[in-house]
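Following: one structure in structure tokens, then a few remarks.
Chain nomenclature is as follows: A, B and C, assigned in order of appearance, with residue numbering initiated at 1 for each chain independently.
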Amino acid sequence: MTTSTEPYVLNIGPQHPSTHGVFRLRVVMDGEKIKDLDMIVGYLHRSMEKLAEERTFTQNIPFTDRADYLAAMTGNLGLAIAVERLAGVEVPERAEYLRVIFSELQRIASHAMANGTLISDAGAWQTPLLYMFREREKILDLFEMTCGARLTTNYMRIGGVAFDPPLEFWPALQELVDELPDRIDEYHELLVSNEVFLARTRGVGVISPEDAINASLTGPALRGSGIPWDLRKADPYSVYDRMDFDVVVGKSGDVYDRFMVRMSELYQSVKIIKQAISQIPSGAHKTDIPLALRPDEGEIYSRIESPRGEIGFFLVSDGGPSPYRFHLRAPSLINLSLLNELGRDAALSDAIVTLGSLDIVVGEIDR
Amino acid sequence: MDSPGIVIAFYMMAGLVLGSGTLVFLARNLLHALAFLVISFLSMAGLFLTLSADFIAMAQILIYAGSISVLMVFAVMLTPLASRDNGNTIYVLPGLLAAGGIATFVGFLALDTSWSGPATDFTTTIDLIGNLLLGKYVLAFEIASVLLLFALVGAIMLVQTSSSDHEEGEGG
Amino acid sequence: MSSDTRPATPMSRQIAEHRSLLDRALGLPKFILVVLSVALIGFVICQILIGYLVVSGQLDGKWYDVRDFGNAMVSLTDAINRSQMDSRIVSTLTYLIPALLGATGIVSVVGGWLLIGPWAERRLLAKFQIRQGPNRTGPFGLLQSLADALKLMQKEIIIPRGADRFLYFVPPIAVFIPAILGWAPIPWSPKMSYADLDVGVLFVIAISSLGVLAVFMAGWASNNHYSLLGAMRTIAMMISYEIPISVSLLAVVLLTGSTKLSEIVMWQSEQGVWLIMLIPFAALAFLFASTAEINRTPNDIGEAESEIVAGFYTEYSGMKAGLFMAVELGNAILVGALMSTFFLGGYTFFGLETWIPGYLILATKIGLVYFLFVWIRATLPRFRLDQLMGFAWKFLIPVSIVLMFLTAIESSILVRWDVPSFLSLGLIALVNITAAVGLTFVWMRVLFRDNDLSAPPTPILTRKMGGLQAAKVLRG
């Protein structure tokens, strides 16, 4: 009496309560096991790259806000650094330190959200997520204080940052940085020995180091598999070479390791912010550049470390005010390429948890 | 059994049993037939209650409506889509003949037996049944439980041999 | 610096000015506060007075306790019996009137809870999650559940194409039936239970097995793979966890010697002990298995929101879906009532029930068990289906059966030899607790001996960048 089962097709998304955005997974399932996984993207395509060809470089900065909408500061920073390298613009010291502070703040906010949504994907009814949102709310308050927006900040400019933070920013930042390590310890304790969480995440979605490198993974997904590669140390930009911090590397490449890498990177970000606060000089917060900057003809590929991985900008300039070609290398899209192999022969719940651990943002996948 | 409440209840339950029983074989869709069968099980439990057999009524609900119907549901799920039609088959005529024969036989039996009078007041049956099962009829009770054990082990064995052919079973 | 006078951003200002629910309740107009406190004090004084009258024996005969509505019923039926009407009408009325009044009572309890329950649960969950719950619709958000119900009622009913008409409309009703029927045998006061069946325990088990079919019909009739997947998961879970429930209740029946719920409560009150102190493992097994029966976290894999939308009621819209959600809530307090009756002493509280009406005590216990449910829901992530099944079949059922055997031996000793009850009950409690703890540890060790449940490794901190070679060096 063999029960012959027929595989059937299950569509997950594009409207889905899992907080990953409009993203469609077409899963061929046999019972509770996945036989094949197909990702269909494009539901959030806004033709950013084409529209960028009509706008000046400064006008393109809001696009990067909306590409990776959970890490707007690093997106802005990536484009600003790319154009500065292309056009040879100098950035004042104070602006560099401000950039570092805001990038690290954004990293904390983004990792808190990524970890929180991972746990709520595992079913914890958003309680840990909302605990992590406590800190994220304070960070977003800081952003609002400085540039007026919480999410799509549009803060970096070519040659510096848009505004100098107001006077009330610094005490608030100091307070936050002082209490953050204790809070992170709280979350750490809550989750590290929770058996249900361990049972859901250990040994699930294992990526071996060879697979990770072959699939061009970057960011915490790569570091979770044991490869020590972080662009802030490997290819330093801004003033990261003056900062003293460690790079967190996991051991076995499962979901738990990626989760712990993000959790530990929170501590490192706090360390960097503290150093930046103590080292920041006074001065100008941006250099004056012409309204429509015309870089020389040429092309450049420049990359920085966003919370999701390596975000790269390929710019081709033809001497005019707008780029001839603007391409964003989205880390989420490249990180996703392994999902097919990871999902094979796994249960659906495990595939969902693995997807959560890869930390994708559909805005930058589709641009 | 002269209380009008009990009489009304009896007629309601009997009507439900007969009605849903008829609908079982009149329904086109196999799952509708299953649903009607469950209703007839529940109404049978109601009939037992009018005879103040409370333990039997609860056992009827628990075993028939609770477990056997789920078993039948799973059996229906395992059949291929084409044979889930409850409609005309070649078994209609022999089925009607057999049913008619059984009905006549049981009817004669029921009319011929001299039944004892109905219970006038309500006595709890669970103590009596428990004592009988573990006292006078313990052999039958034990044989029934051993039979159930055989069925359980047999079902597990059947699943085991088929899953050793292909990969480890579902779930995971 | 302006930071020490006022918070900087609008949101932090809002957070700083927020007052807790208690503050806002105490800030109500003085008149309302005075009326409410007078009513509360008056209520308490009345109860104490009646309790005093009861205890000092001044209320003789049937009206010994006016707060027990069962006494009113008994008087009513006696009055009808003594009247000079036709015997058929008399027998009909003596059954019909208590039945109708009791049914109204049960429906009003369940209905009242369905009005307040969602509000309470959402505010409590919010408290666990450092946020406020609903606080806008009506004072303190109390009208939230009503607003939700009205919203659901006026929604368009979208029936999926290919859905089986008959099997689509029945489940919302069919799943509500066990949630209401289960209230029948529960005693609220010494004489107050709707239908004090002699086979009450068996009735409870039978009713809990009726929900399975409704879930299947809902999943099947939706003509949707998600729903079917959710329904199959739910059914597998529900029928697996019926067995630990039955075995736990069997332990209860063994100790108390009766399947009648009122006698179980009486036993607990006479022996002066709650069954949770005597057979704790059975109580906890009952609690855990009940969360599986009613599809609550951590066992709500059947409606895992982040995976398959809403499981077996994905395709239901409007009040049909509302009924499914309502049933989850109604089942939760039903399980609370059952847990209280079987293991927490029901309407008794070591003699307090002569002063305070039994139904208030029972209501408090139901509230406590429900609070426990919400607490567990806010804290734990959900288990995967195979983990759930493994836990039920490999751990709960064998250990429950072994401990039930132990309880059987103990209860037969208790009956056969006349040991003074304090000593025997203490011994039983001690033996049961040690056996439960010991067996749990041993069994877990045996079951999970190839699982590595030790603390996971902490990540490595490094400063040298590299690729595969550096990774190998790091790993040693």
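A few points about this structure:
In this text, contacts are C-beta pairs under 8 Å (C-beta built on N, C-alpha and C of every residue); 3 or more make two chains touch, one makes a residue touch a chain.
Being a predicted model, the structure only gives us computed values, none of them experimental.
A comparison of C-alpha centroids places C closest to the centre of the full protein. With chains reduced to the mean position of their C-alpha atoms, the one farthest from subunit A is B.
Centre-to-centre separation of subunit B and subunit C, using mean CA positions: 31 Å.
Distance between subunit A and subunit B, defined via averaged C-alpha coordinates, is recorded as 60 Å. Measuring from the averaged C-alpha position of subunit A to that of subunit C gives a distance of 42 Å. Within subunit C, the positions touching two or more other chains are listed as 385-386. Multi-chain contact residues of subunit B (touching two or more other chains): 171-172. Contact of a single residue of subunit A with at least two other chains is seen at positions 32, 347.
Here subunit C touches subunit B in the complex through residues 88, 91-92, 95-96, 164, 166-167, 170, 197-199, 202-203, 205-207, 209-210, 212-213, 216-217, 220, 235, 239, 242, 259, 385-386, 389, going by the rule given at the top. If you check the complex, the residues on subunit C that touch subunit A are 1-3, 8-9, 11-12, 125, 128-131, 225-226, 229, 297-298, 300-301, 304-309, 377-387, 452-453, 455-468, 470-471, 474-475. In the complex of the two chains, the subunit A residues touching subunit C come out as 8-10, 12, 16-18, 32, 119-127, 130-131, 134, 137-138, 141, 144-145, 166-169, 171-172, 192-200, 202, 209-210, 213, 225-230, 233-234, 246-252, 256-257, 260-261, 264, 347-350, 352.
Interface of subunit B with subunit C (complex): residues 2-5, 29, 31-32, 35, 38, 54-55, 58-59, 61-62, 65-67, 69-70, 73, 124-126, 171-172.
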